[in-house]
Structure formats: C-alpha cells, structure tokens
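Please read through the structure below; I'll follow up with questions.
First chain written, first letter: the chains are A, B, C and D, and each begins at residue 1.
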Amino acid sequence: MCRWAAYIGAPIFLDEIVSRPGHSLIHQSHCATQCHTAINADGFGIAWYGERAEPGLYRDVLPAWSDPNLKSLTAQVRSGLFLAHVRASTGTATSRNNCHPFTHGPWSFMHNGQIGGFEMFRRDADMMIPEELYPHRKGATDSEAIFLVALAEGLDGDPRGALERASARFIALSKAKGVGAYLRMTAALSDGKRLYAVRYASDGNAPSLYYRWSETRGGMAVVSEPLEDGEGDWTEVPEYSFCTIEREAVRVEDFMPCKLALAA
Amino acid sequence: MCRWAAYIGAPIFLDEIVSRPGHSLIHQSHCATQCHTAINADGFGIAWYGERAEPGLYRDVLPAWSDPNLKSLTAQVRSGLFLAHVRASTGTATSRNNCHPFTHGPWSFMHNGQIGGFEMFRRDADMMIPEELYPHRKGATDSEAIFLVALAEGLDGDPRGALERASARFIALSKAKGVGAYLRMTAALSDGKRLYAVRYASDGNAPSLYYRWSETRGGMAVVSEPLEDGEGDWTEVPEYSFCTIEREAVRVEDFMPCKLALAA
Amino acid sequence: MCRWAAYIGAPIFLDEIVSRPGHSLIHQSHCATQCHTAINADGFGIAWYGERAEPGLYRDVLPAWSDPNLKSLTAQVRSGLFLAHVRASTGTATSRNNCHPFTHGPWSFMHNGQIGGFEMFRRDADMMIPEELYPHRKGATDSEAIFLVALAEGLDGDPRGALERASARFIALSKAKGVGAYLRMTAALSDGKRLYAVRYASDGNAPSLYYRWSETRGGMAVVSEPLEDGEGDWTEVPEYSFCTIEREAVRVEDFMPCKLALAA
Amino acid sequence: MCRWAAYIGAPIFLDEIVSRPGHSLIHQSHCATQCHTAINADGFGIAWYGERAEPGLYRDVLPAWSDPNLKSLTAQVRSGLFLAHVRASTGTATSRNNCHPFTHGPWSFMHNGQIGGFEMFRRDADMMIPEELYPHRKGATDSEAIFLVALAEGLDGDPRGALERASARFIALSKAKGVGAYLRMTAALSDGKRLYAVRYASDGNAPSLYYRWSETRGGMAVVSEPLEDGEGDWTEVPEYSFCTIEREAVRVEDFMPCKLALAA
C-alpha cells in the first residue's frame, strides 16, 4: 500500500523526517498502522531539491530499514523540499524503476494507492503516454503511468487540473476494463518550487494523509501517518482535495476526477 | 553487445558451458573477443529445462563473474536444454527484468544485437504487443519486445516464420523512425523440445555465432564465441539463417525479414 | 529472529516446503506467528543436496517473498535433502555472506536464535576459528561463527558432540563478556547423508521447532512453524535435544552445552 | 586493482571528479589504462564531508557506470573534501562491506593495491585489530584491516606514523606467512580537515598516483589516473611518500614501513 512523507520549508537534514521521529517513514516501513500493509518493504526512494532545477533521486529495492546508504544520505543531505517513499508492491516487480518517487525534469511524484485492475489494461495505460514522454516510462507501475500522463496533461501550467484530468482518464479505463475501486490515491508532487498533495478515492476509501507545520523547523511536513504518536496537532487532509503548499500556507481545492470521468 | 551460449543434448551440468571452458560465457563477460564490448557486465541470466514444461529462470544484475549464486547453481543443476546470457546494455537500465533470457510458458528467448534507434519508437514497439501478452512486458528492452511480438506472430506453430515476421515489423519501424542498422540479431530460443538459433543483420554486420557437436558430451553447443581457443571445429552459422537443432541435427533455413519488410 | 525449514526424504521440488504450503517458509518471511519478529525480511537462503557431495547454495538479501529467482529455482529443483532459511537480523548487516545457510565442503548449517551480546566479543569468537577454517569466515554473524567452531570441534565424526562443545564455548564467552540469554538456538545441519536438528536455550526460551513425517511425500519436514494451520500432527522437538533424522527415523539425544560450559 | 580519486578545496559537485571528466573515475571503472585491470566493476563508493564531523558514505556492488543513484548523487551533492573509489576485487566477495571507502568517526580511507597472500593470514590480520575497533571490522578485505590497524596505531594524532606502523605490521605478516609483493599501496585518507595520500610498494611496483591543483575550481585532485588525457600538468606522487594536502599546499614526507618491518 506504501507510505510516504514530504517536506517544504527551511532546509533540514532529510533524516529529520525519514528516520529520526518515533514513527518515522522508516518505522512505517515495518510498522505502519493506518493501512492494509504494516510492512512496506518492497523498496524505497527519496527525491530532494538542492541547487539544481532537477531533484536528486535515490531509490533502491531493499527494505528501507536495512539500507546503510539511506541512513548516511539522510544524515548528510539538507533540503528545503523533498519527497520520501516506502513501497508495498501492488503487483509489479521489485526493481528500482518501480520505486517512487519518479522524476522528470524539475518534477517529482510519488503515490500511495492503486488503479483498480491496472494489470488488465496496462497496455491502454501505456498508450496514454505520448511519444515524447515514453522514453521516461521505465517501469510497469500504475504510479509512473499516472505521473507521465499528468505531465502530458500539463502539469507545468496547472498541476491540479492536469492531475485531475489524468486521474479521470485512468478512472475511465478502470471502469471499462478493470475492477473497482477504480482509483485510490494520496500523492505528493513538486516542481522544486511548491509542494502539492492530493487525497482521493473513487470509492470513499482514500489512504490516510496529514500535514503539520513545525515552528521549530520552519517547515511543513505532509505524511501518510503522523511522525510521532501523541502529537495531536496533525491536520487530516480532506478526501477529494488537492493542496498547494508553500511553507506555512496551504491552499485546498476540490479534486474530482470522477466528475470528469463521468462527463467524458 | 551481449554474448550467449545455448546447449541441447544429453543432460550436463550448466557449468560445462557457462563457466568451465577456457573461454566460457563467464570469461566472455569480461574478455569477449568478437564484439564491440569486451565487457558484458550489465547482468546475466540462465533459462534451463528440467521436468516441467516451463523453464527455470535465474537472472541478476551483477557481473556474472562475481556471483556466487550463479557459480553454485551451474555446478548443481543438470539440464539437456538451456540458454545462458551475459548482457552489455544498449541503453536500457540494468535491472533483472531487462536481463535475458525472457520466458513465457514453455518458451525462452535471448538476443544479442539491437533494433536501431529503439528508444525513439519504443512506444510503437510496445503497441505491437497484443493485450493478452502485455502483462509479460516487464522491462524496456528491444529484446523482450521482439520476443513478445514473435509470440504474437505464432512462435508456437512456426518459430521461423513468427520470428521473421516479428523482425520485419521492427525493421519497418526502425526504417520509419529510428536509425540504421535497423536490426542486428543473433538469438536463441526454445520451447523445451528443440533449440532454435538465428543470425541476421539488415546491414550485413551480424554478431558472431557458432555451433559444435560434442561427441563426449552428446550435445550441441551454440555460442557467440567458441568456448575454447584453438578448438578449430566450430561451424560458423551463416548470416540470414534460422537453425533448428535437435541434438546432432541442424536444419538451416533462410531468414529474410528485410524482404518481408520491403513487401509490407 | 529467523525462521527455517528442512527436509529429508524422497526427492521433492523445493517449493513443496518453501512456498506452496499455506504457512510456508515464504509466508513466514512476512507473517511468522511463533516468534518475536513477524517479519523475516533481511535475506534468505537455500542449501540443497543433489548429485555432488557439496550442496548447492542460493542466498540473497531481498525479502524472500519478492524474489522471482527463488520462485523459479524452488519450482524447478528437486532434492531429497535441503535447508531453507529466512532471516531477521539480530544486528549484523544485510549482505549475502550474512545469510544462512552456511556451507563448507559437504556440510550445511542454519540457525535461528542468537548468542547474547555477540557484538561485544566477536573478536574472541573469531579467534575460536582455527586458521585453516578462517578463509571461510566471510561474514560477521554469530551463526557462521558457531558453524565454523563446530566444524573445528569435529562435526565430521560426531555432530552432536561437536556442536555441543562449540555451543559451550560460546556460552562461556557470553557469560564472561556478553549479556544473557547466553545462547538460544534451533539449528539444522547436514552432511548430505543425514539431517540433524537441535533445540536449545540457556534460559529456557528456545525458539519453536517441530517435525512431521509425510507419508504422501515420503519425507520428513523439520520446521520453525508448522507449514499448514490446522495440521495437528506436528511433533514439537523438546528443548535441550539433538535429533538425528534419517527419513522416518528420528533419534533424540540430550544436548546440554550449559553443563559443559559449567564444567570448563 | 582498483582506481580512486580524491579532492580537497572549494566545494564542487562530486561529479566534477567522479563522472564529468573525459577519463573520470567512472570512465576508469571500465577503461583504466595504468593498471592490471582495465575493468574495476566490483563495486564503488564515495565518502564526502559536509556539515557533520562524520562523512557521508555511499557504497554499492554494481559497476559504477550503471548506477543511476550514483549519477544523481554526484550531480546534487557539493563537497570540499571527498574520496571516491571503484573496485576490482583481489579475492574477497563483492559486497557493500567490502567496498571502499571505509569510515570510522571522522575518518575515511580507501586503498588501491594489496597485501601479498592476505587470505593466508587473515586471521592474524584480524587479530591485530583491538577489541574496541572490532565491531567496525565488517568485511574481509585487507584494506579495511589496514585502516582499522592504522586507527589503532594512532591515526588521530599522527596519520603518517600510524599508517607507516600499520603497514609495517602487515609487511611483516606477509613476509612470514604470505607471498610477495608484501604490500602495494596507494591510499587516500581524511579526518575531514586535511587530505592525506600515500604511495608505496615493498617491491618497487607501486600503483600509479598523481595530483593537480585546479585554479578554476580552487581545489586539489589526487587520482590514480589523470582525469583528462592530454592534460600535462599532473604531478606524479613519488613512491615511498606520504602527502599531507591542505588545498594548494602539498607536504611530502618519507613513507618507509619496510624499514620499520626490518627493525621489528
């Protein structure tokens, strides 16, 4: 099912989010509490923004808890904007190209959830990826496909609209050829300037998603599960919503791909 | 560029072909002499037939020379029909799903060569794979695509014709959207009963390919490069030919996908 | 904490024990029910005996559930005597050389449990390994050390005695420099002719261990946890015992390294 | 045989040394020109100093040329002091713990060369590592052993003397139990403040080593092989010498462990 955590704000060491908290992302890789799979050990990844327009990307297939490279990297690298993910496969192979986040140019993207029955129509899904983006279709996940189709739909100019349109197309596919639930999704994405997060499910069972501003750090964490037990001030992201986060400010808009899918 | 070796005959330990000879496949993984790349260290794989209809498959991304699992496996497993491959990537990522051989049902397939400019039309290539086979498109190589399209073209009933038709389709694609040479290929494939091998290039520069019957072993080896220096009795497979091998007997037929491509 | 399964009897496909049963070893790699760690995802390994005196050995660091190589190997390889293990690290790194089973000549060995406080006296432990066996000390686990010291103590002639003497030496070390519990151990070992199993703990908390003769298969399975729920005829191996198994016959003898340690 | 490159100076992106130059370290991983092995594909590693006292460490077993994580990391991370290494194994397994650099506290160390016949006396070598450092003996290389014994000999206070004493001890061991050449070594080490480099061989065949100050970068590169062909101003490090480098200044002292070994 996956779990993820993202951050935007004053630069901090990645481990402040990934490993240090009591219920850090690494803790969630073997003890997640708010999803089907307590274990998310089919790989992990981090995308982080620094001096360059494109983010750095580190992904591997090992369980996150046992990778000394990850430990070292997160203790050394500071960033004011990053995405981190631990994976529980919904069917596709464990390989680096099937780990999140995915990146393209300045964009990074990670996903928790699935497109219902994706393997039944992966061909159709791949066909929604235009030729110029196809070289970036490196794995076989529904998540990478969502990202590439969203890019095609105009992520650059209108992230909310593009992701909504992309999601609608997958919902329609799933309705036609797959199985419900057509689309369950929490996702985080960034262009290196802002952090975006979305929470949605076509069947009302969206994965969990929260955010919290930390005054001490000077940054906003957006997470699948609160990073500390007993920290009561995590705000739940409402379902059917798309958030634009620029440090302390969170703008919440509707996210309704199902409506688009119906209209189509 | 890759190197490979295949065998059909009396069951032998896999290492008789893979590691023991002086210029074994493992030797060719770091010291190949008849191809562009002396080093073929972007992964390896073995498919072997035993009691079951489907072959066993072992693939990994490490250089073949350093994998103790491969060493152990080849020392223990006997087979009368197997395919072994060491990979030099022509662009796609190093991942298990991009290693050869590929398998589907009773079929196994491995390839040395490339489809010219494949990354420019990978989308079109993937679209030639029919829906029912698409779940088996797990990587991004041209080789896996050739295999799946050949299956779609009827490998079961007519291996030579199916592979020729598949090759023609890729030649046409490469002509239209890629770069020459359109197709260079030595390949080995099997359905568990016979061993097939092909040698072809649209530009006359086909990779090397040889075979040799061993009386002592009671089997036929088909290889990119002869397994022992100074062993003078390796027969070169002619270009533009498709071989059907049932132990000692080799039937050689024309293989002319370019003609088909022109006709189309 | 680890889980393992061993088999001796009529040759069967490895997957009959490793993956097919409802609570197979692979199931135990993510859902163990009778030990601390439900998850045993820090690597796995199989040692199997075939035609050669030395067993084959396949080990990798990935979680067992996601490895297609393991799946393929266990579906293809038949053996009348094999050891299989899924690992939960008690401190040492996740690397192939720290995965069980360990092999040396015809011997194979795997372990569930630990030597209390081992990292505090690993140097002393390594020093118990004689020079001629030291090249085989490839990792840093307590388990590999137990195996090599047992070999030094004369595993060839007297497996029970050798393992008891080796265990006594580690108990003494742990008493002197480590922390209790000094030694907890279920282990399986084989020389390719017989299967041996031991269950012991210096503090009375030995890991779980069972065996069951299968009339249909014609073989004995020895396991950390019964392979099927509801299969009531698994016999629990008593604590403080060393079993010698030759197909249906199980000879049970005392195993009392603590007594030896006291005497020393 | 390995190849390596180190840098001290104004912070630069790691890829300025590791991958961008025409004969970069990654190029040397498959096309080294001044050593036995053109191919150094048994793993790689980077240790880099940033804000913390301890360096970051990233090591993996894949050939350096095919790792996208390495590519990404080196494009993103800036450092004013780092060590990078590509490995050709002299016998020990390919595993992360056998890759260089090795780190301990603020120290990092990497090595090209070998201790003659090391596997014949690895036990004695391990015994030279004192108990308090033994938990850091994680692999089985001669290089890691040299590092740990040098630490024990007082790297903190006197890097040259400590490494010389450590080397003398290994030369003596190799003389007594191994085979010539007793010790061949180029090594780089750092405490996060200065960069040290050494070039030595007991038989006069020391691996290659050069350095060059770059005015444009404002930093010193120390390398196995010059990073650009035709760049004529690389200074060869004399054999039997230990260099202390603080940006532009290079202090060269004698390094004569053989004398110490004789005296002992």
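Here, contacts are C-beta pairs under 8 Å (C-beta built on N, C-alpha and C of every residue); 3 or more make two chains touch, one makes a residue touch a chain.
Since we're looking at a predicted model, the values are computed, not measured.
Engineer: Could you name all chains that are in contact with chain A and with chain B at the same time?
Structural biologist: Both chain A and chain B are touched by C, D, going by the contact rule given at the top.
Engineer: Determine whether chain C and chain D, two copies of the same sequence, contact each other through the same residue numbers or different ones, counting it as same when over half of the numbers at the interface appear on both sides.
Structural biologist: same
Engineer: In whole angstrom, what separates the CA-based centres of chain A and chain D?
Structural biologist: Roughly 39 Å, centre to centre.
Engineer: Indicate the residues of chain D shared as contacts by at least two other chains.
Structural biologist: In chain D, residues 68, 93, 96 touch at least two other chains, as defined above.
Engineer: So in the complex, which bits of chain B are touching chain D?
Structural biologist: By the definition above, chain B touches chain D via 30, 38-39, 41-42, 61-63, 66-68, 89, 93-94.
Engineer: Touching residues of chain C toward chain D in the complex: what are they?
Structural biologist: Going through chain C, the ones touching chain D are 93, 95-97, 119, 122-123, 126-127, 129, 131, 134-135, 137-138, 140.
Engineer: Can you list the residues on chain A that touch chain D in the complex?
Structural biologist: 48, 50-52, 54-60, 68-69, 72-73, 75-78, 96
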